[in-house]
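Presented sequentially are two complexes of subunit A, the first with subunit B as partner and the second with subunit C.
Our next item is the complex of A and B:
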């Protein structure tokens, strides 16, 4: 305490605080905000290990601790496996189809010479990204209705004899959901790849042309190698988010007939946790989801390190 | 040699044509649903049931829109959506700028700690239930505050703004510092004016996400119709028609009700257009900023 060096250190520290008072004042309210709204809920994880029933005048430690009861109940609930299956199925479909298409789209777009046409394509395909899932679900409901355009076209070419209620076909739900996601985000997700392509040295293409390389050869030997690191980073990030696919589209496109295929983890939390008031059980599901997604993110980050030499997170 | 070159250009042209066809098809698939909804929203409801409306209305009417703008709940919803969008975007931008500026200051003594406190929340969150209970504890159920306060900052946007500030020439800040400007003055007179493009970008992101959100209304404010939002009302209409579409009985019942000139379907289309138009109106002017934000965010922080 009496060490002279400490005193000097303390003095300069106070000096720094006074000097940077405006910076502190600017950030302090938001530190308080983030602690209340983002860190305090983490405290609520305790609930998963208790039998929590909201009652006036009860502190969070006053509820009986029940250990892993809710987690055991979760792993014994057949519904949980159904929900996990749906979540993973839609994630993987998204990864398999939704991931390569924007890359392909960006490469195609890059081959277009007319700047005006390019602009037109970009402007129209970025648009759906900005409309809400409520609207997209509405559009898809209209398209896929019995009197919608999809049925009309299929009838016209004679592929079907009777209109189909697509949204009432449980087995089709995963595909419809994935298509809606691709429709909404195709253009937007291609931006990052377009930017990467724009960063490729144009002299490479000129040199290839002089050497008589075909268009396909240029794509294969210049464009793809030029954006491969971007592709890997995005792939890794997508793997990290596998379990957190959200619930909006599943909720909005789903209905009671297809619910065996449409219920995903977040909807399960919503139904059990909030609607039925089983807060502890719902929190346990949430914790499970958080833990799995953090593990996935770290795993993905390690992958990125190995492939790309740098971390993504 | 000459012959070969010519042949190649024909093949090239065919490929070019194919690419343009594929892209055009994508454009049509993207735009058609919007045009279809627009046409139905301007078409007479009784006529719509006959089917076959594509991109032009057959029996033109404004009836559907009249119906929408007559409904007091929808008007409340519209006003609430507008207020939360403006307020949420404004406060969001100011808050994000302040935090980003502080984090971007290399000499700020708690820079690392503060940056990490924010960064961690991008990966770990309490989850739906603890957040719901927190709002309940804080008395924010059935309040307008719940639209603004919990999501006032999108942590990811801090990183977009920070990488933008990092790209600014540091000489300006240093010069101002030498001239005796304090941190607040540097922020308001140098950083903010220089950050206009990135402010536009994140302002639009905030505005779009406020305008589009429905889940917070659903989960926190669904029992108070004074606090409803447009997307939530649209969601309710959509939900009703989905349930109806899934049961043949209900569907027939619904059709029987629709003899009178308006149908839930047509109303739904009109609301959809009302909810989409604000985005469509600003979108062409601000597309540049949207894309800038996307590529800025991709730069590793």
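Our next item is the complex of A and C:
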């Protein structure tokens, strides 16, 4: 043992484990969950390199290997570029408008002095989160119908002469979709920021008050710096999801007229992978999605490091 | 977080693929166990999965009197499950996992299960345990064979054996109120139709305080094929062959939307939109909105299949607005076409209920199917229970008054009584087929149909000198029997590019047709040509070539003795 430093290090490591044994035990189930459901299924990726068609009595290794055939088919399909464009566009709109709003909302809510009013607003903005997309889509369809309230209001104030079929305007689809998402998730997404604000030491605010800081100044110098690390964590995680925006809202709000703007990657997987029994093709898209997500995640992490000097991963 | 739902989705996908892989490794699953042949009444539970979403909404959860009677007579309990959304999703997962329910009804997507080896071959089982099955299908048993390459029976075909077609399925619909107001005008071409809609709409811009809607179409998902593209082939003299049109002279099928005749139909729709007679919501309303609109009684005209609007029509009758129901007419683009709704097709088989390789007791399962084919079961499924739902009057079955009223009016009739739940898609005789006593197996026959007509309906038919709607249509005798059944029942094998082309064709059509119809009339030709160009670009000709081989295969199979 010529390296006393090593010994000490090892000792602290064990010590740390012993000290945090309950915490580690609490994490364990989730670790097992991740291994079983996220890592073990990865060997199914094999399918993407085969011509896999389920057949009774055939095992996974019995199918012919075809190399990158399905990836090539994917990148040669013009429809793929269309759905990628839509996915990215809607993701970025969601990020640009949908990300800052909950933060702003949380900060504003925190400034409300009446506890009753605050609770009321908080609860009523959470509610839409628990409503299924099917209902939300029905709601928006009704609101935006030709005889819906939006058209009637616009007609009333004379902004338009003829009712507009909003859901049949391809170029409006991204906007409508993003608005619906923001309406649904605004309150829910602000919870984490409200919690972060609650964690800021109240004495800081008291001190600022004594020093004569205005509300705006205490927001700028106490609240925002207090939650910036939370914001960054959420941002990095959200960027990781950019390519996986799901398909519920696009599927439910979309129709054939707007399909050039409403088709997203997950719908493409559904229509050209699962529905047609093209398991290998579907898996190939899945791999593509994972790879892009990982790259985005690291990219965002680096950005966070540059801005704030701390990393998330 | 916004990513949560996606996590759940990804997770369930992974789960399913994972189970798929695990079970993919265990072999020898499809060996038929020979333990079967239990007594008739031994309690046994079968699982049943149906791809028919509509049937799912009507199902009784095995609680109705008819279901309970089946249980009493056979000891069988059915655990039923129905598809939600596109059945292909669930079928693909089933195929990948290799775990199936005992009975599967997979519609035209049966090939997914057949290709994965999920259906039991029924030929030997029928030979040994299926006297009633053999009696019911008779010579048509050959028509149940799957394909020329694989001539086995995987499922018992649809219950249309010996069917007599009493009523048209498709047509162009117009409200009785409109017809009456205009003094029952001549109704033969689309021009007559347009004039009627126009005159009435000008006279009554609102109905019950809401704006009147002219012709409303439905383009929600796959329904676009029923109410938007099918009428194009019908109005130009083609029969219902799904996406296809079979040219008898050339003995070749083509995608019907590539016919130049149909371009003229869509030009007419474009014109209808231009003059404001087409519902502006036609191409993006959802099915429930469409039905709600019809049920308000303010949609003057439809171009749909009866089964799509029948519920809404019943709601109208229930609300005391029977005059807002619809008469249907065999309208064509011009006199040179004949509306072919009544083209005879023979027994088409198509698809039906099959037994899966996961079934633990195939013998008991085939015995159950055989019992379903017996006269006892046929009558039970269609008429209900004697003394409760029907009586024997003068040696013939007759619904009692209460049942008849409910049968012709109530939307939840099937759910409550169970009558009708096992007459489709379970094997059986079609409407109009008669038993050994000359009595109808099905309560649907000419007189019973006439008895269900509403007052305005009878009035309208009388004005047109007809007894039933069929009388207005060109009759069977005017057409040759099709040698291939119906083309929409032909499965395209899932391992070819043809399925991908078909999917692209669906998407392009769903986008291009609305665009062409809603465009300025001067742009119509350009947009239509672009649409046709795009179809060629995705390889529609390759699809047609492969499909023609399949048709030939089916004709060969059916003619082989």
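Rule of thumb we're sticking to: the second predicted complex is superposed on the first by the 255 of 313 C-alpha atoms of A that agree within 3 Å, B and C clash if a C-alpha of one lies under 4 Å from a C-alpha of the other, contacts with A are read in each partner's own complex, and residues count from 1 in each chain.
As a convention for this text, contacts are C-beta pairs under 8 Å (C-beta built on N, C-alpha and C of every residue); 3 or more make two chains touch, one makes a residue touch a chain.
Since we're looking at a predicted model, the values are computed, not measured.
Contacts of A:44 after superposition on the shared chain: both subunit B and subunit C are touched. In the superposition on chain A, contact of A:270 is made with both subunit B and subunit C.
Touch criterion met: A:113 reaches subunit B, while subunit C stays clear of it.
In the superposition on chain A, A:296 contacts neither subunit B nor subunit C. Within the superposed three-chain model, A:79 lies in touch with subunit C and out of touch with subunit B [touch as defined at top]. Shared-chain residue A:257: touches subunit B and subunit C both. When the shared chain is aligned, subunit B and subunit C each come close enough to touch A:165.
Look at A:59: by the touch rule set out above, it reaches subunit C but stays clear of subunit B. Looking at the shared chain after the overlay, A:219 reaches neither subunit B nor subunit C.
In the superposition on chain A, the residues of subunit A contacted by subunit B and by subunit C overlap at 37-38, 40-41, 43-44, 47, 54, 141, 145-147, 165, 167-168, 248, 255-257, 266, 270, 274, 279, 283, 286. Residue ranges of subunit B in contact with subunit A, taken from their complex: 8, 12, 15-16, 19-20, 22-23, 26-27, 29-34, 36-37, 40, 51-52, 54, 95, 98-99, 101-103, 105, 107-110, 114, 117-118, 121, 123-134, 136, 149-150, 152-153, 155, 182-184, 187, 208, 211-215, 219, 231, 234-235, 238-239, 241-243, 245-246, 268-269, 272, 275-276, 279-280, 283-284, 287, 290-291, 294-295, 298, 300.
The touching residues of subunit A, when paired with subunit C in their complex, are 37-38, 40-41, 43-44, 47, 53-60, 79, 94, 98, 141, 145-147, 165, 167-168, 181, 185, 189, 234, 237-238, 240-241, 244-246, 248, 255-260, 266, 270-272, 274-279, 283, 286. Those residues of subunit C that touch subunit A in the complex are listed here as 1-3, 5-6, 9-11, 13-15, 17-18, 20-21, 24-25, 27-30, 86, 88-89, 92-93, 95-96, 98, 112, 115-118, 210-211, 219-220, 224, 280-281, 283-284, 286, 289, 357, 494-495, 499-500, 503-504, 507, 510-511, 514-515, 518. By the touch criterion stated above, subunit A contacts subunit B in their complex at residues 13, 16-17, 20, 22-24, 26-27, 30-31, 33-45, 47, 54, 105, 108-109, 111-113, 117, 120-128, 130-135, 137-143, 145-147, 149, 152, 165, 167-168, 183, 186-188, 191-192, 195, 214-215, 248, 252, 255-257, 266, 269-270, 273-274, 279, 282-283, 286-287, 289-290, 294, 297, 310, 312-313.
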